[in-house]
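Below is one structure, written out as structure tokens, with a few remarks after it.
In order of appearance the chains are A, B, C and D, and numbering begins at 1 in each one.
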């Protein structure tokens, strides 16, 4: 199996799906000749032409809104939001429209579309090119939210997302684009939307993460292993619908839980996971449910010392693991 | 350049001359039916049988004129909440309208999930509407974009009020359609109010049609109480769209004959004199006069037509009232589509 | 002390503040001659004129965005969003602008403004006139979020919000507007933003709520009292910044916790409260942390049977209380 | 009606004639300073000392011309990320600019929190800018609204690119300003690209100024490489605004002499020939030629001015480099303002 990075995995998924299904098109800022600011769609305009790889106007509400309309007219749009931070002007079209159309039409209309958004920090992106947006959208019934951490998952999940009859928000952590490499089979495969994946089985405590933090958690778990602590690392992968059974199953076995995300702690997605554990694994819990998240500041600053201070690090995660293990 | 069709374009008489009498009578019937249904809804509201009504009254000519220029079963519409007459022309039945009013399980618009007047029917290519105003404008552009990608020749038609033109989605949607010359018709039904806010507090132009040139597309202002004038400008816009020449922005100048909705009381912001004068622009009275004048409809025929319509409204109301409410458990259905 | 309803309390707060401070103005759809669709600003245009009670264009992004600008030019705007559901187009201006300006300018600029939004259901409002929006915004550092449940709190908190140098989202539950009456002193007073309020002290379990649900919880607690169960009902009132000390203090005393909100359960604000309890009151917990929320459907439907099925009821809340008490 | 100022309005010579030579030389100095700072930033970027640069190069005349028509310390500006020359004219020092580039604790723009070029200074009435494009347009309207409420006579000036005109906030902000005749100047710096997307994929009109009439306000298109022409149209817009006659939309046609930013490579979407021809529209060369031609600046004076500017840039760079980075703990400061 060839080893590729996460960005290439995403490009391959789009390319292979477009080759098979004429209804698929890409719509976003600079996705055409420029190939996207991260080069995800590089080369695709040459293959599929400007009617299927379309440079949109600089307006996120109509990027999503037009894709909603197009999805209802028998096409399969893939919207690209240039940076997840810039999804904010499209909030109305995503939450009030895309996510509610199937329900409000009593199942008559469907909105099969994908919204790709590069998210997360640690790349000198400052307040507006580093944000985590999952908590906001994972709260929305009718929307699916996917946040893969490996090339294999990214490719398999993106294909599933494109085939899904529902709107799917597909979050690509910017820092993992070129940093994270992995083996990806040459044959056509899918990773289903929904199931979490135990990336590292363990016995003493359970850690839940996604995106870049998954890798930091694996790194920390490795360090803890050397200290004789066996950490189970669960990659949530899909945030909505959430794989509650795997989360609860893991904590029932290990009796301890830590949730890690980059987003601000308060009101972050970790709250939901912790609440589920506190309700459904209460009897088995041997320690407080811990969460690590970014600090409660409006977003991640530009200056390196501030960015570093914001980002949860493998060291900080390892420290929480130790606290839990010792509890 | 914004064009005021009533200034120097074919008016009622010319357009009417081209249409067969049966079509003209059918247009009139649709207008009368919309009005009769609408009035019935208010009665039901006052009787405590329907918690919410929002009206089409005064907009009938603008909607019927436009919808008659579209091809049923082929063209796609995204009508806003005043679009009762639009959806009737596109094929929705009075009973279906009443099922929505009573929020019945069998309401094809939403199964009783949405407020009345949030029209939808996949079968009729009426795209589901929400309450946040203006969101349908980007959708319309997107339906047109898909049509162009697929190489189809359906036309997309959407409507909204003049207040809604203040929303960013109005701008973004029309701009996209203009850039890609998409086959979309944007009909603004200008009744001079957004609930209580008059047009001059909404925009500093006299006509919404003045905004067409800002997008490089025609902006046409038409007397929206003149069904045939609206038909004519829409017909041309449809031709233009089907030819691949792109979108048109049409302002239909209409009157709002009721309060904003059953939750509103417009006497707090409209003077009795204004309310009075609005009544004089009733598009149905106007078309009736035209038809009589041109011997296309006799007084007796009109009476018979109105009686038929009343019976239809009675039957629709009764059938819809008998229909079952949604089961509580159905609350959880259709959150996600199954593949 | 005169008894007034919640709507009048809000109107009084605006009126009394405007009479004192010329910098305050109201900006929103139909707030002028019409007095707002709920009549909150009724009569104010006659008193303060159309330069201070301003009918905005029908465009929420500029309602908020213009108030952000005005706040930076030494005025004190009160933006009205006609229904909380329609705040979605203003998401960008609220989250990316209002909430981040003080932080991003390193404390140089401030945005003293209030955004009033009538929220919540149970009033035949259907999918788009019934929504709960607190989880989305209470997640945003830099923003304050207030959700009073009584006329006294509403008046006192709104005055504090108007005086606050930060953007404050002020949530008014529509169903409480005329339903909830209470005594309000005639003298000028404030209720500070931040502290929760124990509306009913109790010993056997703690319940956390806000808005209409607070009243449903009080009703349920009353029923439980008759059964010999003593329920403490805590009105969170301010959701951001959250009064963590009062929450944890209460659970440490009662050892049991239930959180109730109307918003969809998954990713709702209850998750944060439950997570805080699961971390900080773990040692004292004698039962799973329970949450009651609206079901995970896109929003509250119009048909009465569906609306009723959506809304958490005093009965359903009482049942959860009994479960907890018996645990 | 959109007006193209260069077609039939006073051009460079006329405007220049009214301004004292010292002012003209000061304008030139600001342009040269902006360019020198900008070029230095690229060098620092290439040297690995600054992770991000976004340029003003090619926009200097549009900005300096406009800013000279404003009153420093009184008028409020909301310049977008290409506004280096704007903020220099409004009073920001080269050192302050460099402090932002290096993300230093003492950076007055944001204390190193934002990317460079996100200008802010309460002291200078430069309102803090974010990255999501177009959000400053409603802010500008709001600053103007407050000014009107307070009865003040400050003018508000904001800038943005032509790509940004596709955003809903452009529409909503200008519309509000137009309805209330607010004292706001909206300057679109049209460099024909939004990153890689050319103007014709952004809008179906030739000039952004065509959008003025859609709001009932003047839309003026001006050659933005001609500093005096921009000065002149802005001066008139300022007069209009201060008189209470409302906003003006100005399109300054400029060139983008660099890639979009240091993260971009424009050779992937601009031909060598196009890049070449862009160079020929350098606004600084143009103004230098004008000044020489009119004996307002000798070659020797220009050399001296450039040497002074270079020294200033050196000093600013050195001082800023020496300044401390923010302390990690300061991350938690200023989330909320204290009352």
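By our rule, a contact is a pair of C-beta atoms (placed from the backbone, for glycine too) under 8 Å apart; a residue touches a chain by one contact, two chains touch by 3 or more.
None of these values were measured; they are calculated from a predicted model.
The interface with the greater count of contacting C-beta pairs, when B-C is set against C-D, is C-D. When each chain is reduced to the average of its Cα atoms, D sits farthest from chain B. Chain B and chain C have CA centres that are 37 Å apart. If you average the Cα atoms of chain B and of chain D, the two centres end up 45 Å apart. One finds 30 Å separating the Cα centroids of chain A and chain C.
Chain C and chain D have centres, each the mean of its CA atoms, that are 41 Å apart. Counting partners per residue, chain C has 57, 59, 61-62, 85, 88-89, 92, 96, 100, 103-104, 127-128, 141-142, 296-298 as the residues that reach two or more other chains.
Across the assembly, chain B contributes residues 110-111, 113-114, 118, 130, 132, 166-169, 172, 175, 179, 201-203, 335 that each touch 2 or more other chains.
In the complex of the two chains, the chain D residues touching chain A come out as 51-52, 103-105, 110-115, 130-133, 163-164, 166-169, 194-197, 201-203, 263-264, 268-269, 325-332, 335. Note for the complex: chain B touches chain D at residues 166-172, 175, 178-179, 181, 200-205, 210-211, 213-217, 246. Here chain B touches chain A in the complex through residues 76, 107-111, 113-114, 118, 120-122, 127-128, 130, 132, 135, 137-150, 168-169, 172-173, 175-176, 179, 333-339, going by the rule given at the top. Looking at the complex, you find that chain C touches chain D at residues 23, 25, 27, 51-52, 54, 56-57, 59, 61-62, 64-75, 77, 89, 92-93, 96-97, 100-110, 112, 141-142, 144, 163-166, 241. For chain A in complex with chain C, the residues that touch the partner chain are 61, 85, 88-89, 91-92, 95-96, 99-100, 103-104, 127-128, 135-136, 138-142, 240, 242, 264, 266-272, 274-275, 277-280, 282-283, 285, 287-291, 296-299.
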